[in-house]
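Once you scroll down, you'll see the structures, which are given as structure tokens.
Look at the two complexes coming up: chain A is in both, with chain B in one and chain C in the other.
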Partner chain A sequence: MREIVVVSGKGGTGKTSLSAAFSYLEGDNAIVCDCDVDAANMHLLLDASFSNQRDFFSGEVALIDKELCTNCGKCADVCRFDAISIADGQHVVDPISCEGCHYCSKVCKKDAIEMKTQKAGDIYTSDIKNETKMVHAKLGFGAENSGKLVAKVKQDAKLLALQKNKAYVITDGSPGIGCPVISSLSGANLVVLVTEATISGLHDLERVIKLVKTFNLKAVCIINKYDLNEEMTNSIEKFLKTEEIDVVGKLPYDETFTKALAMAQTIVEYDSNSKLAINIKNSWEKIKESVS
Partner chain B sequence: MKIVLTAKGEDWSCKMDERFGRAEIFVCYNEETNELSSISNIGVDTMEHGAGLQTAQKVLDLSPDVIITGNGAGNKALAILQKSNVKVYIGAGNMTLKEAYEAYKNNKLQLQF
Partner chain C sequence: MKITIASGKGGTGKTTISTNLTSYIASMGNSVVLADLDVEEPNSALFLQTKLLNTQTSNKMVPNWEEVDCTLCGQCAKNCNFNAIVAMPSEILVFPELCHSCYACSELCPTNSLPMTAARIGEIKKFKVDGFDFIEGRLDLGQEMAVPLIAQTIEYTTKNYPNHIKIFDAPPGTSCPVIEASRGSDFVMLITEATPFGLNDLILAVETMRVLDQKFGVIINRYGIGDASVEEYCQKEGIPIITKVQNDKEVAKLYSKGELLYKKIPHFKNSLDEIISFIGGIDA
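Right after this comes the complex of A and B.
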């Protein structure tokens, strides 16, 4: 089983559209894994069933026991997040503002403040339209993606892939270079970088490559919308050459991306014989060669 | 030499954990006494962020001479580890603990720093 993680550095480069297209092409040979939980949308393209729901717990929130509380106000004094206010003469915690830092519960002389683990969202193992399964998550209000959640989603996807003897796990990572991205890269056999021909596309590509190199991971790159600015594409290619990263695809700007999205379809199923679809299929074959 | 390996189990036949920050278990092998011990990295799985930093501290508390892992430590963990004299070897992610130790002994692993 080989895990292929698709990341982009910059958002909006077409990472999820391509991840979904690869997943569609590979069918039941792969388990799909959506780690871009802050803006999870791959389920729309792959028609996920939202099955096998599990609760996901993350972070803590302070809770004041009214019986024990003497309303001394010490907790509200130390709270850096202004999460504690007085309602009808009683100190209460606003769970949205509370960052779970424990400071209030530490200073409370009456031990009236308990830290409660919070449910942050749900994890699902869904059936998707191309006869395989996808592990993905949905966050609750005010919750954020984290390395912890990504690690959990990935772990479930990998276990499933091993159990069902699948050849690949295709992981849609999140944009940026922060904690969730680091977590999504862990254990990857190949990283597919998706960038676009813009200044920020190149800048964010440089950042994410620096991260990928820290972990000594093998990477390949797809330049999307390469014809927007061919000069920029040249700079990107030059940079990739110095980093010894192969370009496995160059895709033109194409409104088919948007049209397919509007139909909730992946590009390769929207028009499987289009030049764009064939281009993407070729990239996927190259990616598989790189990871074998 | 005291060697710490990031692992998914507690004995030589178990698989390595390719991750550093969120590794499941640390197996500690003391070459002088031939002792094998392990500590669980439990607690880190409840952390949303900053797993690498916490883990680096935990591992340094074992005062190892060598750490063997898979992908390697991330930037923040690395900054802490570099302050000690420990050597970090990477590339053992798909091996068993035994294979990883032998690979290290035969100079087959890459030094992260």
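Right after this comes the complex of A and C.
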């Protein structure tokens, strides 16, 4: 089983549309995994059933018992997150500011502070198009620990792939370079970088590649919207060459991406004989060669 | 006045709107400052002609083990709820990336063997741009926690520009970084596109704003492709639509080169005028 993680650094480059297209092409040979838990949306293209829901618990929040509390104020003194304030003469915790560090509960002389485990989100293993399954999640509103949720989603997808003896896990990664994307990348056999021929596309690609290199991961790249700015495409290709990263596809600026999305279809379903669809199929074949 | 430009989905046009809006407001003679809070992938600077004025290091406080008086009692590891400290038989190991700077290990240590010291997580840069100042927070690669740097960048901007209009270019998503970038603002503008992805991520962002009890409105970008579902949703929920920016490949082309748009594209300038007249009606 090989895990292929699609990431982009910058948003809006076509990462999810391409991940969904690859998933559709590979069908029941792969398990699909949506690690963009902050704003998950691959389910829209793959007609996910939202089955087999599980609660995901992570992080804690302090809760003050008014009956036991003497309002000595020690908790508020030690809190570094300004999470404890006084309302109507009573110390209370703002759950959004609370980091769950336990410091207040440890210094409370009256044992009036209890740490409550928070439900941080929901995880699903859904049936999706083309006879396969997708593990995906929904982070609770304002919840933290999306890195941990990403790790859990990936773990469940990999276990399922091993149980069902699948050839691939195709993972739609998170944006950025922080904790969720670091979780997304861990253990990947191949990273597919999706960038676009814009100045910010190149900038964010450079940063995400540095991250990929620190984890010693193998990567290939797809340049989307290459005809928006051919000069920029050249700069991106030159940069990739120095980083020894192969380009496995160059796709034109094409509103088919949006039209297919509006129909809740992957690009390869929407018009399977179009030049764009054939281009994407070729990229997927090259990706599979790179990871074999 | 503090305005945060945010979005659930990435790539919807936060940076385009933030940079153009700030430049346009400045060109009308107003005092305005722009801060890039997308510290993981800051790229507002790519669209501005900047001159660097100064750079300051951004730190977070982490415990630093001092062997001398330590009895290896292991209390610090028990007091850390983030697994950032491991007590070994002969030493204490600290993992700074996991530390949330709560100080519990340090202040509860019986022998004061874990003094808190500053550890670099990134930098805050101040630039001069034609007509306004621009502040950028930039997280070091390999750092996992963006929130402390976002908070410091907001604090820096608020302290140094108390009377300016402050425009914050937020990170994408709906979790902790966006919350940090949004709370404390007078108004949040959520940018979306009129597609099912745009709608899905807008709904998540709206729910987050409601949890925060934050005032917000919506800007629809790339209007004209996709479908009507975002508009219908906003109408049903009573969310103000601040402007609709027309879909235009010319916009994408100018963007790809890092150029400001409002000087060249009249319909884009009209949208900025609508945003500015909307801002005029916000109670701050």
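Heads up, the rule we're going with is that the second predicted complex is superposed on the first by the 279 of 292 C-alpha atoms of A that agree within 3 Å, B and C clash if a C-alpha of one lies under 4 Å from a C-alpha of the other, contacts with A are read in each partner's own complex, and residues count from 1 in each chain.
In the analysis below, a residue touches a chain if its C-beta (ideal position, glycine included) is under 8 Å from a C-beta of that chain, and two chains touch if they have at least 3 such contacts.
Here the structure is a predicted model, which means the values were calculated and not measured.
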Legend entry - chain B versus chain C as contact partner of A:274, first or second or both or neither: neither
Legend entry - Touched partner set for A:102, first chain B, second chain C, both or neither: second
Legend entry - In the superposition, chain B vs chain C on chain A residues touched: C
Inset, instruction - Would you check which partner chain A:147 touches, where first means chain B only, second means chain C only, and both and neither mean what they say? - result: both
Inset, instruction - Please work out whether A:11 is in contact with chain B alone, chain C alone, both, or neither, and reply first, second, both or neither. - result: second
Inset, instruction - Tell me which partner A:203 touches in the superposition: chain B (first), chain C (second), both or neither. - result: second
Inset, instruction - Could you look at A:214 and tell me whether it touches chain B, chain C, both or neither (first, second, both, neither)? - result: both
Legend entry - Which of chain B and chain C A:176 touches, first, second, both or neither: second
Inset, instruction - Based on the superposed arrangement, let me know which partner A:262 touches: chain B (first), chain C (second), both, or neither? - result: second
Inset, instruction - Check chain A for residues that touch chain B in one structure and chain C in the other, and list them. - result: 144, 146-147, 179, 182, 211, 214
Legend entry - chain C partner contacts - residues on chain A that touch it in the complex: 9-13, 16, 38-39, 41, 44, 60, 78, 80-81, 96, 99-103, 106-107, 139, 141-144, 146-147, 175-179, 181-182, 196-201, 203-204, 207, 210-211, 214, 225, 228-229, 232, 253, 255, 258-259, 261-262, 264
Inset, instruction - In the complex, go through chain B and note every residue touching chain A. - result: 18-19, 21-22, 45-52, 70-72, 74-75, 78, 90-91, 93, 110, 112
Legend entry - chain A residues within the chain B interface of the complex: 58-59, 144, 146-149, 151, 179, 182-183, 185-187, 211, 214-217
Legend entry - Residues of chain C defined as touching chain A within the complex: 8-12, 15, 40-41, 43, 46-47, 79, 81-82, 100-104, 107-108, 139, 141-146, 171-177, 179, 183, 195-197, 200-201, 204-205, 207-208, 210-212, 222, 225-227, 249, 252-253, 255-258
